[in-house]
Amino acid sequence: MTAFKNRQDVTGAIITARVAKGVSWGDVATAVEQSKEWTVAACLGQMAFTSVQAGKIVALFDLDETALPWLQIPPSKGSLSGAPPADPLLYRLHEIVSVFGPAIKELIHEEFGDGIMSAIDFKFEIAREANPAGDRVSLNMSGKFLPYKAF
Amino acid sequence: MTAFKNRQDVTGAIITARVAKGVSWGDVATAVEQSKEWTVAACLGQMAFTSVQAGKIVALFDLDETALPWLQIPPSKGSLSGAPPADPLLYRLHEIVSVFGPAIKELIHEEFGDGIMSAIDFKFEIAREANPAGDRVSLNMSGKFLPYKAF
Amino acid sequence: MTAFKNRQDVTGAIITARVAKGVSWGDVATAVEQSKEWTVAACLGQMAFTSVQAGKIVALFDLDETALPWLQIPPSKGSLSGAPPADPLLYRLHEIVSVFGPAIKELIHEEFGDGIMSAIDFKFEIAREANPAGDRVSLNMSGKFLPYKAF
Amino acid sequence: MTAFKNRQDVTGAIITARVAKGVSWGDVATAVEQSKEWTVAACLGQMAFTSVQAGKIVALFDLDETALPWLQIPPSKGSLSGAPPADPLLYRLHEIVSVFGPAIKELIHEEFGDGIMSAIDFKFEIAREANPAGDRVSLNMSGKFLPYKAF
Amino acid sequence: MTAFKNRQDVTGAIITARVAKGVSWGDVATAVEQSKEWTVAACLGQMAFTSVQAGKIVALFDLDETALPWLQIPPSKGSLSGAPPADPLLYRLHEIVSVFGPAIKELIHEEFGDGIMSAIDFKFEIAREANPAGDRVSLNMSGKFLPYKAF
Amino acid sequence: MTAFKNRQDVTGAIITARVAKGVSWGDVATAVEQSKEWTVAACLGQMAFTSVQAGKIVALFDLDETALPWLQIPPSKGSLSGAPPADPLLYRLHEIVSVFGPAIKELIHEEFGDGIMSAIDFKFEIAREANPAGDRVSLNMSGKFLPYKAF
Amino acid sequence: MTAFKNRQDVTGAIITARVAKGVSWGDVATAVEQSKEWTVAACLGQMAFTSVQAGKIVALFDLDETALPWLQIPPSKGSLSGAPPADPLLYRLHEIVSVFGPAIKELIHEEFGDGIMSAIDFKFEIAREANPAGDRVSLNMSGKFLPYKAF
Amino acid sequence: MTAFKNRQDVTGAIITARVAKGVSWGDVATAVEQSKEWTVAACLGQMAFTSVQAGKIVALFDLDETALPWLQIPPSKGSLSGAPPADPLLYRLHEIVSVFGPAIKELIHEEFGDGIMSAIDFKFEIAREANPAGDRVSLNMSGKFLPYKAF
Amino acid sequence: MTAFKNRQDVTGAIITARVAKGVSWGDVATAVEQSKEWTVAACLGQMAFTSVQAGKIVALFDLDETALPWLQIPPSKGSLSGAPPADPLLYRLHEIVSVFGPAIKELIHEEFGDGIMSAIDFKFEIAREANPAGDRVSLNMSGKFLPYKAF
Amino acid sequence: MTAFKNRQDVTGAIITARVAKGVSWGDVATAVEQSKEWTVAACLGQMAFTSVQAGKIVALFDLDETALPWLQIPPSKGSLSGAPPADPLLYRLHEIVSVFGPAIKELIHEEFGDGIMSAIDFKFEIAREANPAGDRVSLNMSGKFLPYKAF
């Protein structure tokens, strides 16, 4: 096992180990005692773990000990490098922002005034919505409204 | 009043008239008997109205009659032209896709297998979530799961 | 043989092995009992195999066993990274979308109304069209029409 | 009626007149005695009409006579300016090239050797495919195979 | 005087009127009773005015009354469209983010943990710093720290 | 330990060693006797160290001796490659330039005339601003004003 | 004559008037009593004139009086919007930066240490260099060296 | 020592060896008996050496003999890949082209007519210009004027 | 007839007039007594005419007299703005540079050494090459070889 | 010698071996009995060799036997990745398309009607054109004209 040199390498090792060992994301979430949603985002290199959680991740995936500090340090986040994502599932999310984003902007402003929905003080949840015409993905987001204030 | 030459001009006229007349999006939704969410998207040029709805939009905003066919024809959709959006509210939606998108992808695949959440057979809803630490924006999305099938 | 760390490496190994062993795509399709079209797309990393099919791919190309889970997991899809493709054959497909795409859009809307041709519930077929002036490529696509619905 | 200064303005006038007069693309195709597919592409500024066809287009849409030479001159073609198209229907066509393009390339090479499917000596056809699970769009393309030859 | 159709036109009219009338930004700030910093940002179309402030802006610059609602509605913000800014003064700000941004990120994380400095709950101040070797620009920014929280 | 081939590799080694050894940026600044702000920028490959400072960095992080000349040579600087940064903290800095940059430009010109705030004869400081509504990040910048002169 | 709304329109009017009246850039420089080099840059909208110079420009080119304040205000500068310039003469300047820029960087650092050649405290001069093999363009630049200093 | 596979690897080896051995660019220029300016450009992979010069470079930097043919073959040149350079010194050169390029174009055309300053039949020289207000960088360029001719 | 404000407007007027009057490019070339190739390039705004030629162009196309100086001034040239051209004919030229450009580079270097084929001291000719298998376009280019010289 | 994994590696090995062995492109062309122009394009990875030719290439450059199938399979072609090429020789070819491309388009359409010059059924030839004012590069291209046909 070689020492990890950055968070990106740790993320790669987690992805590889999870597939090789056949661990489900639900199992990982149980181990770190957070929601599946947050746990996956954190494992994919977007969030910082606590020291206890980092230890559990290292154990679960048999990672080199040098992964420990990287898992606890605020990572460089974000996965989109400018162009729209090519993956069809990710593109559909991008398309929703493109087609419905201006409407979402109008409705938030009509309800709350000038400001934004925070992407930091934010959480989301995914659920299956049973439906005879074909099941649906339910994606619920909740972000604090942050108003612009004059100064 | 000059004749409309394309849907984009009709959209501009609706935006201008709504601000000048002080009509709320809720009023528009009531007039066309759809959700506020869909109505704003349609007024911003992303959806096609029925003939009856188009007539109500023309009446509500005092538009030239040539707007009628344009409002009923499938428009050229989408508002993002490649680079991430500069507007802070729209950027936060883009950032959510960038930071949490890969996690959403993993979880949908774990629950449903290979496929996507449709952005066509899709609806969304925005609501205020009262919270003593500052109210939150609740943004709920529901899209049909479409599986890839071998052929 | 080293363990595979992601699907992209598995795809690279399949491409190398197929050329080295001189296996035709038709042979691969026979092995996994699907159409040639779907089989090639899947081997190039765009589709997920069933467990049985993954086993046959590993056997056919003498791959390391760690390829098995990667072949069954929904991959990150898409091969275009923003700019038009430089390869002349791929560019001709891109040019068809550029030159004839708006006409295709008009005709689908005239026939079906507002909506799209699905790229998920989709299949295609390639055939040789004998022609004295030079044989032709026949490329047939079939995708479910998905209508936008008001909500 | 003002004189037309370029083909793009003629295209805009055709689009506007067709919507205003409620003419279907099928009617236009009948008038110029070509397929619907080619006719729409030509009306959208991608193809050159014959002198007789140009006269029929001018009559059908009540265009200024200065449209006549513009309709017969080879136009500057193509509608994609670099970034993937934002419109969902056009994006699905782009995604098909992205996801299935490399497979199409492999299969054409396996069947025909090195070369391309022409996008010039090319035609396409759109049809409705009735299907109890929801009708499908059938999009058939036929392009001459052009081989690379050593020199 | 023609009616305003969007906020961008109102911004253009303010810029033109301020230069033509020779009004200083300090005078504008006095009129709306906010800091110079916020006032300029708002006049350049980045912030929403209150009803009283909008009235003062219209009076000060002799604008058409239709400017009133536009000045009070949350605008579409942001001035950078992807590429770095060409203007040398703006580029220096961009360069500071490029050269010193990663250091700023490290230090905020060392002091506060994982999270961001808000650009919404944010204010800034510009002052002249007298200096015998040439006066300096002092640019002070203050933004609320927003931590990421597990969910 | 292998010899360093460029400054970028030295930067990578510093980042890895700092996390592995758990050294704080404050400790590094103490070692080289400069501000934390400058020290972090220099360690991240943006500034040149003196010979004495380079020696202390090599000792502190146990680097190969070949790092010494690289640390003292003017590096190739800058971390933004065109597109806006994807990391949320860095993006907020970018957004501040996008939303408030034109206002900063106006106010510097009103106070100083035509010219720029230098990004070379420049320093910055980060501090925690205690606040009952949540602590704030205070980011102070000071750059020499450089006027354009006619020639 | 219509009132000017921004500096860009004034620049356009100067360019049009200079060609229509057949005034040489040398004549303009004589009128404003600066070098030809600075004068052309200023007329093309890159520099601010003094009040006296602005008056001479307005007189020389018969411009509307509303041009006066625009000519004296620090303009938004820069003519390159991201992609390399398409004009062959401008491209050669860009190519010189591309081919010889890294060598210039090395030599300035070898002579002066870490820092830059100012593009603000900067002047340039163009002259004809007679040469039997074909005359040469001599382009001399002089910019103050600005060192980075630790803080 | 491994064999070199391309010119880029030779360039990397020269850069590494020069820093490790502490050789100045002036020393290199003396060895190959050319100006410092041309020598640095050539060492950075932009120019081809003669056989004698290549031998001296290999000796001076202790390079593997396989570097010899690479140093004499016309290289693939240019260091800018589309976006403006991020390094502050290189960016200032880019900014000079952006701010003063159109003025340079006008003055070359006024003096020489339609054509360009060659970037091939071209040389440059860098010198220190002593100045009590701070030394200046003098950058002199000389390129043959190449006129466009009708044909 | 309105006065021309720049060369681009003159180019637009020539294009419009040529189509409206049905003048062939051969006729224009005869009028200005140059090759068809150069004449079309000049009419499309890429080259400067002599005073006599400008007069003939104005007469032939019935242009406003203000076109005269614009036709004689070195224009801002180039038609490609970064992305590959969308027009199929222009794209084929771009593809030839993409597919065969590196081979052309190798062969020019093998024959001439380091340098370029000038695009300024350059001419081209287009001819029909009769061929029983379908006529061919013959495109002959001739550009002076310009060697790089050490300095 | 390691086994080749794709055509790109084979191309790299050919480039390295040719420089190391000092083989001229003319020698390679003689070996495969095709023109120098086609041979270089093929060696640079743009064309497929016959089985006999592939054997000669492997022998001439002492390549591993696994190169054989790669040299005979239709490669992924094209060398331009979106932005204009930085190399000065390649850029001049790009500039010719930019400056003269629209004129070439006009003249091909005037002579042949709507269609393109094929870049597939295409050949080119490079020759030295002796000239007392400096030798010239003669670049002759011949491509089949492919007309658009109505369908």
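The letters A, B, C, D, E, F, G, H, I and J name the chains in turn, as written, and every chain counts its residues from 1.
Please note the rule applied: a contact is a pair of C-beta atoms (placed from the backbone, for glycine too) under 8 Å apart; a residue touches a chain by one contact, two chains touch by 3 or more.
By chain, with names taken from UniProt: A, B, C, D, E, F, G, H, I, J = Cyanate hydratase.
None of these values were measured; they are calculated from a predicted model.
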Contact-graph distance - origin subunit E (Cyanate hydratase), target subunit H (Cyanate hydratase): 1
Set of chains adjacent to subunit H (Cyanate hydratase) and to subunit J (Cyanate hydratase): G, I
Reference interface E-H: repeating pair among H-J, C-I or A-C with over half of contacts shared: C-I
Approximate Å spacing (C-alpha centroids) for the pair subunit C (Cyanate hydratase), subunit E (Cyanate hydratase): 49
Cα-centroid distance, subunit C (Cyanate hydratase) relative to subunit J (Cyanate hydratase), in whole angstrom: 29
For subunit C (Cyanate hydratase), residues that touch 2 or more chains besides their own: 37, 73-74, 76-80, 82-88, 91, 95, 98-99, 105, 109, 115-116, 118-120, 146
Every chain pair meeting the contact rule: A-B, A-C, A-D, A-E, A-F, B-C, B-D, B-E, B-F, C-D, C-I, C-J, D-I, D-J, E-F, E-G, E-H, F-G, F-H, G-H, G-I, G-J, H-I, H-J, I-J
Residues of subunit D (Cyanate hydratase) touching subunit J (Cyanate hydratase) in the complex: 34-35, 37-38, 42, 47-48, 73-74, 76, 82, 105, 109, 113-116, 118, 120-121, 123, 146-151
Parts of subunit D (Cyanate hydratase) lying in touch with subunit C (Cyanate hydratase), wherever the complex brings them together: 24-26, 36-37, 40-41, 44, 46, 77-80, 82-85, 87-90, 92-112, 115-119, 122, 124, 126, 128-129, 131, 133-146
Footprint of subunit D (Cyanate hydratase) on subunit A (Cyanate hydratase) - complex, ascending: 83-84, 86, 88, 91, 95, 98-99
Interfacial residue positions of subunit I (Cyanate hydratase) with respect to subunit D (Cyanate hydratase) in the complex: 12, 15-16, 19-20, 22, 82-88, 91
Contacting residues of subunit H (Cyanate hydratase) [partner subunit J (Cyanate hydratase), same complex]: 3, 5-6, 66, 69-70, 73, 76-82, 119-120
